[in-house]
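This report concerns only the one structure given below.
Order as written gives the chain letters A, B, C and D; numbering starts at 1 within each chain.
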Amino acid sequence: MSAPAVAHRVVASAPVVAVAGALLLTTLVMLVVGVDPALAYPALVRGAVLDGNLEYTVAAFVPTLGMALAFALPLRAGEFNLGGDGQLAAGGVTAAAVALLVPLPPGAAVVLPLIAGAVAGGLVAVVAAPLSTRLGIPAIVSTLLISAPAVSLASYLVRFPLAEPNTGIAQTPPLPDAAHLPALGGSGYLTIGLPLIAALTALWLYADGRTVLGYEIRATGQNREFARYGGVRVGRVAALALAGGGAFAGLSGALIVLGPPHRFVDGALTAPGYTFTAVAAVLLASARPVVVPLTVALLTFLQVGGQGMEREAGVPSQLTQIVQGLIIVIVAVLATLRARRPR
Amino acid sequence: MYAAELVGVTKRFGPVLANDGIDLAVARGEVHAVVGENGAGKSTLMSILYGLHRPDAGEVRRDGHRVVLRSPTDAIRHGLGMVHQRFRLFPGLTVAENIVIGAEPVRKGRLDRAAANEAVAALSERYGLRADPSALVGGLPVGVRQRVEILRALYRHAEVLILDEPTAVLTPGETERLFEVLRTVAATGVSILLVTHKLSEVLAVGDRVTVLRQGRVTGRFTTSETDADELVNAMIGRSLTPPVRRRAHAPAGDPLLEVRDLTVRDADGVARLSEVSFTVRPGEIVGLAGVAGSGQRELIDSVTGLRGAVPEVLLTGTPVKAGRDPRVAYVPEDRHGRATAPAMSVAENVLMGAQRDLASRWALPRAKVRARARDLVDRFSISAASVDVPIGALSGGNAQKAVLARELTRPSTVVVAEEPTQGVDVGVRERVHDLLRAARDEGAAVLLQSSELSELRDLADRILVLYEGRVVAEFPGDATEKELGRAMTGATG
Amino acid sequence: MAGVLTATAPVLLAALGGLLCQVAGVFNIALEGQLLWGAFVAVVVSDLTGSAWTGVAGAVAATVVFSALLSGPAVALRADPIVVAVGLNLLALGLTAFLMRQIFGSGGTYSSPELAGLPDLGELGLDVPVLREQSPLVPVALLLVAVLAFWLTRTRSGLRLRAVGQHLDAAQAVGLRVSGYQHGVTLVAGALCGLAGAQLSLGNVTLFSEGMSAGRGWIAVVAVMLSGVYPGRLLLACLLFGVAEAFGFRLQGAGLPQQAADAAPYVITLAALVLAAVARRRRRSYEHA
Amino acid sequence: AETAEAPPAKSIILITPNPVGTNSFLQLGVKGAEAAAKELGASFKLYESKDPTSIAQNVDAAVRAKPTVIVGISFSFDDVFTTVPKANPGQQFLQVDSCAKEQAPNLACVSFKEHEAAYLAGVEAGLLSKSGQIGVVAALDTPFIHRWIEPFFAGATSVKPAAQGTPLYVGGSNPFSDPARAKSQAQTLTGRGVDLIAAAASGGNPGVFEAVAASGGKAFGVDVNQCALSPGNVVDNVLKHVDVAEHAAIKEIFDGRTGGVKVYGLAEGGVGVNALGDDLASSGCTVAASPDVVAKVKQTRDDIFAGKITVADPLQS
């Protein structure tokens, strides 16, 4: 292929078109409201990757990716898990409780709360499985309904039994040092959460494509009757997938809590909206699991960069939301146009 | 002048030339059959006539005038109607609503239910297509659903009615009734295009036949002047070898499948099966006949383990295991609903059931999965672009061969086949029958459920007739269709 | 009871929009954003013109326009409606807060003695006990439940709408303009969310506050998922939520923690759902077993 | 990291724990820092955070920008301001409304005794309530919010021992900006005979005012004078002069007086009620029409100064 042809390919390729389209519209919005794009864009990039901000972007990437797996894994089995917030909070508060209440030797002091958090998240999620397979209540409804009480419960626990005395907000006391996630390098915010979630993502991708369980999960998601007919125990597989998703959410909660500022602060897990960012990322990846980390990275980049844009270029936070909203819509549209083209 | 004509129609799907310069003309009041192998291009051609596909070349004419059909709406406006093989009905609407939709009677701005019901009642009366106008379609048997589709087309004043494999899902009785209807309808001047794989039907109801093969017309016949052999020759380029009823050895040994006094009740306590008992021995094919809904589904689900552990069902002497008993190979009737996951690849579809055997610990190497699939594709001569294409993209016959390939290569001793040749062409049908016979000859016990009596007679050593959940009769394999038909309607004696 | 109706009205109006979309097979989870947008425009227009009814009209019109941002990508271009809705909810949040600063000069809450709210029915001469203190949009919402039920079952367009939602291909095959219907309902849902927003910001209270939709659109989404395509059930679901919420307030007054009150509507709804499903299961026949 | 442009000679960066939005408290914080910047000829930047992680990120970004002072509002900064000032001894920090547990010498703190003002409002409520039933509608049940609740009830029972107090919390998905739900809560209270409600629901306060207006009761505002928001329906406000205190603290830091803790109570003029203000007549608050109540409030204040009354701080219990 000649060089111009290659260039043409690249320019016409979907991601480039998506980004270009999103940039164009965003620039238009900026111009309309009187923000100088020449200041805003560099600030966006700086806010996300330069000046030491990459640390935060990566730090935010970790729970978002965790939550993306929490949604993506059950989705492979055909179950919509929209209850990420509840699973996240349950995982976080459980991890905090274990770290605070159980005296543990170093090492176990980190590992056990993480496991406990994952288990708690899994338990919250798995409730939806029998409701779906036995009672026909779709997981998309039940997970959403279970989420709110789970968040309330976590909030109650940190407000009363686990609360730090004499402080203004509902939060647990700081967790013992032994329970702090080991930091990566000299960073204050990068912890072993990153390699852990990266490894788990790789594991999931591997399991999804190349293991018996992954195959059975996908078969269940593609055609439940087919899987049942084939001898797959679909009720169990669906429950497993939901539990696995919940465990990812719970683990994300635990990772947040065991990372700086090393405590459960009421509302801090749900306020950033990881759950729906993750849902959007997974849906953007449109059923191709390998793409999920990339779409998560894109949305995290936008969110963290947006804060930088706000700080440095004086772009108000509201505008940041507008821009993000537009970009998500545009990317969604371009994703379908791309999917349609080969036809 | 012809009621409808396709002139020089060509249609490509990527590399596949589905239709290649096809000419087809239907006269007024004629029943015109279209036959051909799976993938010959029949559905594509009909879809073009109904505005679902645009032809790459060629044109459509109605009453001699060229028409451009951009959508079914255009086709309907030009007096075309179509009954799809996979029904296009709204399960949550009533029969009448399904029929009048798109051209509803309205009074004072409101939907005129009464008028709709009346119109539908009148129409069913006129063509002898009985259906309760106020029943919800979702709960109706397939035969009735099909009538609803036909009524819909007639209600919209279709002058050319296209039916794509209408009999594939019907019982012999229903098929007979459908043919009567088609004759009645044709007598009123409506032209009928009938896509089918069953040559007996073509000869029974068609006036003329067009044969397609690999996207081209390979024969045009007047039915009164042709016979099955000639049609088969045009379809597959050779004659069928006459069925061999010869068996390797007579059934002997302990039964591999034994059902003792099986009664199955639904949640309301109504018995769907009552005291059913039978055995199938190694090297034996037992046929299962009966009108739809006589308990076949419950029986087969019990035998395969899909209804859970049923102590009354014994496989090689021990009760069937819950879930899916690995001792049973099972070819289900519902190709897209149960037998395959249409969006998954051919390789992953033929993997089902063998995934644990192929795995080393939990790992399921893709190379192994593909290699096994390629092997099956070769051995069962399945035509697929690659083992990585979704199985839903295969033609019906090839998908069916893939299902058989998967099931018959299981290490199982009992084979349950449910409508194994539904919707497949004569060539594939022959191949499927060969495979079932081969399984029998290797000592498997085969339970064959089919609504096609000729199929049962071709294959089975014994035929059990189910009626209202009971085995009401048992015949030898060479029983006449008349005998079987009588038993199926519950006539004793 | 009166309080329950007030709290239920905006949720119900938005949910009616969601239900229409569901009937036509469009999954609309942008209700939250549209509700917020409607609430904002209602206050802006009412403030500018001094008339609450112009505010309502403005909210309806503006939210229809906003909903085109959903119908365009999701219906015409077949983009994933969930992703688009996530984007739109974010957009509405940012846009209202941003425009608020542009128009009123400050963020936070805008209220003003001059801002015209919707009148009470009592003031309009309808002195019926429960309705006395409600805005006229409350009976409108209740009426719309009946209207919608009638429309869906008794009219031609209603029938076609249901058909589109039940089987897209079949609807196409009988010659229905599928995307036309889907566009239509998405825009009508926008109008209903506009009404819902106006009821929230000019009926329930008379002010606009950033993010004041506060999850009501999500509750509407849940209500829609609970009730399938039946407006009657939708009314019940929304009322159940309203009653459970009021019950939660009572619990708080009786000394239970706030978190219990927050959880109450969800727990009660889930319990109702499970009970209904268990009852249904008892009645279900063999078919799928 | 390099800086794109040289920072102005003097600059102030204010970091909030949440988006400022409808939060009148944070709005005051912004106002105070802006006023200080203007007076001192410094530049001003606002970083709004979303959650603990973004607080930390904003603090680090602020440290990189090297302003004269970095201001953090609220107890949400307790953790970061324990570590970051120690790590950056050359940088001045100011924490408003709370103080890090281990205070570095380069961290100054300003905190308030809002419970004293709430007590005074309670006195007014006790005197003005006809039913003897009073209430509070607060955004969320957090410990800090109780500084507005128990002292309010305590003030009321000090003048009317039979007074009954009920708190309700807005809660829900957006507790700080849900006027409709706040209104419902207030209606729940008025429905039980409560005639005076203290509003501590941030963006929800106007909803509380609407509810009391409809029921014939009255309400108290919070942080700033909210009497004009709903004329004739607001008795008085639990004022917290965050802006004034912050302004003063920033000025001191600019003048080189760094570190230390300043607690602003009634005596320091950091908190108060409009009844004690010189501009009471023009405040729009209905307490102006009850001179006897105003007199009692003044007397109570004097008693607090004199140590005759000690207002219990719920956070210290």
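Just so it is clear, contacts are C-beta pairs under 8 Å (C-beta built on N, C-alpha and C of every residue); 3 or more make two chains touch, one makes a residue touch a chain.
Keep in mind the model is a prediction, meaning the values are calculated, not measured.
Engineer: Which chain's centre, taken as the mean of its Cα atoms, is farthest from the centre of chain C?
Structural biologist: So the farthest one, by centre of C-alpha atoms, is B.
Engineer: Return the chain pair with more inter-chain C-beta contacts, choosing between A-D and A-C.
Structural biologist: So, comparing the two chain pairs, more contacts are at A-C.
Engineer: In angstrom, rounded to a whole number, how far apart do the mean CA points of chain A and chain D lie?
Structural biologist: For chain A versus chain D, the centre distance works out to 35 Å.
Engineer: Between chain A and chain C, what's the gap in Å when you average each chain's C-alpha atoms?
Structural biologist: From the centre of chain A to the centre of chain C is 28 Å.
Engineer: Taking each chain's centre as the mean position of its Cα atoms, how many Å separate chain B from chain C?
Structural biologist: Once rounded, the distance between the two centres reads 45 Å.
Engineer: How many Å are there between the centre of chain B and the centre of chain D, using C-alpha atoms for each centre?
Structural biologist: 75
Engineer: Give the residues of chain A that touch two or more other chains, as numbers and ranges in rising order.
Structural biologist: Expected reply: 159, 317.
Engineer: When you check chain D against every other chain, which residues touch at least two of them?
Structural biologist: If we look for residues of chain D contacting two or more partner chains, we find 141.
Engineer: Once the touch criterion is applied, which pairs of chains come out as touching?
Structural biologist: Every pair of chains in contact is listed here: A-B, A-C, A-D, B-C, C-D.
Engineer: Going by the contact rule set out above, which residues of chain A touch chain D in the complex?
Structural biologist: Touching chain D from chain A are residues 50-53, 56, 59-60, 159, 163, 166-170, 174, 188-189, 256, 260-263, 265-266, 268, 271-272, 304, 307-308, 310-311, 317.
Engineer: Please give the residue numbers of chain A that touch chain B in the complex, ascending.
Structural biologist: 207, 209-216, 218-219, 222-223, 225-233
Engineer: Across the complex, what residues on chain B touch chain A?
Structural biologist: By the definition above, chain B touches chain A via 306, 323-324, 326, 330, 332, 334, 337-344, 348, 351-353, 355-356, 359, 362-366.
Engineer: Over in the complex, which chain D residues touch chain A? Could you list them?
Structural biologist: The contact residues of chain D facing chain A are 1, 19, 45, 47-48, 50-54, 56-58, 60-61, 64, 74-76, 78-80, 98, 141-144, 315-316.
Engineer: For chain A, which residues count as touching chain C in their complex?
Structural biologist: 33, 131, 134-138, 140-142, 144-149, 152-153, 155-156, 159-160, 276-277, 279-280, 283-284, 286, 316-329, 331-333, 335-337, 340
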